[in-house]
Amino acid sequence: MRVTIRLFARLRDLAGAGELVRDVEGPATVQSVWKGLVAEMPSLGEYERTMSVAVNADYSRMSASVNDGDEVAFLPPVSGG
Amino acid sequence: MRVTIRLFARLRDLAGAGELVRDVEGPATVQSVWKGLVAEMPSLGEYERTMSVAVNADYSRMSASVNDGDEVAFLPPVSGG
Amino acid sequence: MSLLAVTPDPLDLPALIRSVSGSRAGDGAVASFVGLVRDHNQGRRVSFLDYEAYEPLAVRALTRIVDEIAQAWPDTLVGVHHRTGRIEIGEASVIIVVVSPHRAHAFAACRYTIERIKQIVPIWKHEHFEGGDVWLEGATADPDDESARQTAYRIACA
Amino acid sequence: MSLLAVTPDPLDLPALIRSVSGSRAGDGAVASFVGLVRDHNQGRRVSFLDYEAYEPLAVRALTRIVDEIAQAWPDTLVGVHHRTGRIEIGEASVIIVVVSPHRAHAFAACRYTIERIKQIVPIWKHEHFEGGDVWLEGATADPDDESARQTAYRIACA
């Protein structure tokens, strides 16, 4: 199945792209999508303890399941305001 | 000596005037000016415990002395904002 | 534009914000408060308010409040304009703007200002409602009343 | 004008105040907060900021904050606009407006809003300073973190 990965702020800079489309093995979770991403780009790994995640533009958890066509986002600590 | 008395809000309405000029006996205090005013217009007396006073547009006390040409103001409880 | 004013003219919040923040490009936090004339009060349908001020003493009292704020929150700058005369429903009677590098200070000083205005600034609301009119009376003004000042400070959550 | 927005356009505080207070002639208290881009940060001379947002989630997070406020202060109405993209020194990055019949509620909900924005809204500052640039990172966003929410509530002096 295919998922869209969204990366923001410094995660986007580290990856060199804000949007990636990847084929992943099912059944997938946010965690498994992340593991695949870090295997591809190890420098992203430093965010594992501080980032938040979202599925289809809603906050989610690493354990959440991911379905075909989902948008999975990885978010560095926020700094709005 | 001559003083100008300023009255505001409901005190002004009760007196029918916001500014009165009165000749008073020296040595005068805010208290003696007030007493003369209440003798003239007893309805003002209800404000004696709740009003504030000012001399020459600066907050003052009933015991403060009043000199010739001073402006003495009697102020109901405030309600700005 | 003067940072402190008691004026019959309509109040202009953006202009006051520009005046207060204009010279302080290092300050990121702007807290403001606007008091609007309400269409009801204590069960009465309000038609309009007429504000009376003892203008020179009112400006002096505002200056005193600003001095108190400079002591409590030295990194703030405050602007206050209070309107007088007839003010219609929905129009502003008072605007307060505080800038600071710290939003906690901006909020605290802004809240403190409106509390102190209600305590010590010689301004009175004459309420005209359906069926009559009444002078509103709140606090006996006493700028030297330290317990009133402490109450305002506590409410400001300093 | 929408009460909640994440937009690349310059922010308009008077327009947001009109939108928030326009339909509420019974409410006399308007508290607002404006965050301005500062010319320095942590010893660096800032040239400008570039704000990035995950826009649909940012609007959802703002909606969540407004829902929290409706629970805590049911008599308030809140508007929040957050700007994205390049913002120059002295320009506003965020504006918050709260109206209420009670100034205590207006101030508390306004303060709560900015604290919660910094906790859970997916927006990031890219600071461009003399000699380089850096992404600023604050809180790990977790809307379900009840202790963070309680901290914001406590800071709001509710």
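First chain written, first letter: the chains are A, B, C and D, and each begins at residue 1.
Note that in this section a contact is a pair of C-beta atoms (placed from the backbone, for glycine too) under 8 Å apart; a residue touches a chain by one contact, two chains touch by 3 or more.
Note that the structure is a prediction, hence the values are computed from the model and not measured.
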item: Intersection of the contact lists for chain A and chain C; value: D
item: Per Cα centroids, the chain farthest from chain C; value: A
item: Euclidean distance of C-alpha centroids - chain B vs chain C, Å; value: 26
item: Distance from the mean Cα position of chain D to that of chain B, given in whole angstrom; value: 49
item: Residues of chain C whose C-beta touches two or more other chains; value: 35, 114
item: Pairs of chains found to touch, sorted by chain label; value: A-D, B-C, C-D
item: Chain D partner contacts - residues on chain C that touch it in the complex; value: 13-14, 17, 21, 25-40, 89-90, 101, 103-104, 106-107, 110-111, 114, 155, 157
item: Chain D - residues contacting chain A, complex; value: 35, 51-54, 56-58, 60-61, 82, 93-94, 114, 117-126, 135-144
item: Residues of chain A defined as touching chain D within the complex; value: 6, 8-10, 12-13, 50-52, 54, 57-59, 73, 75-81
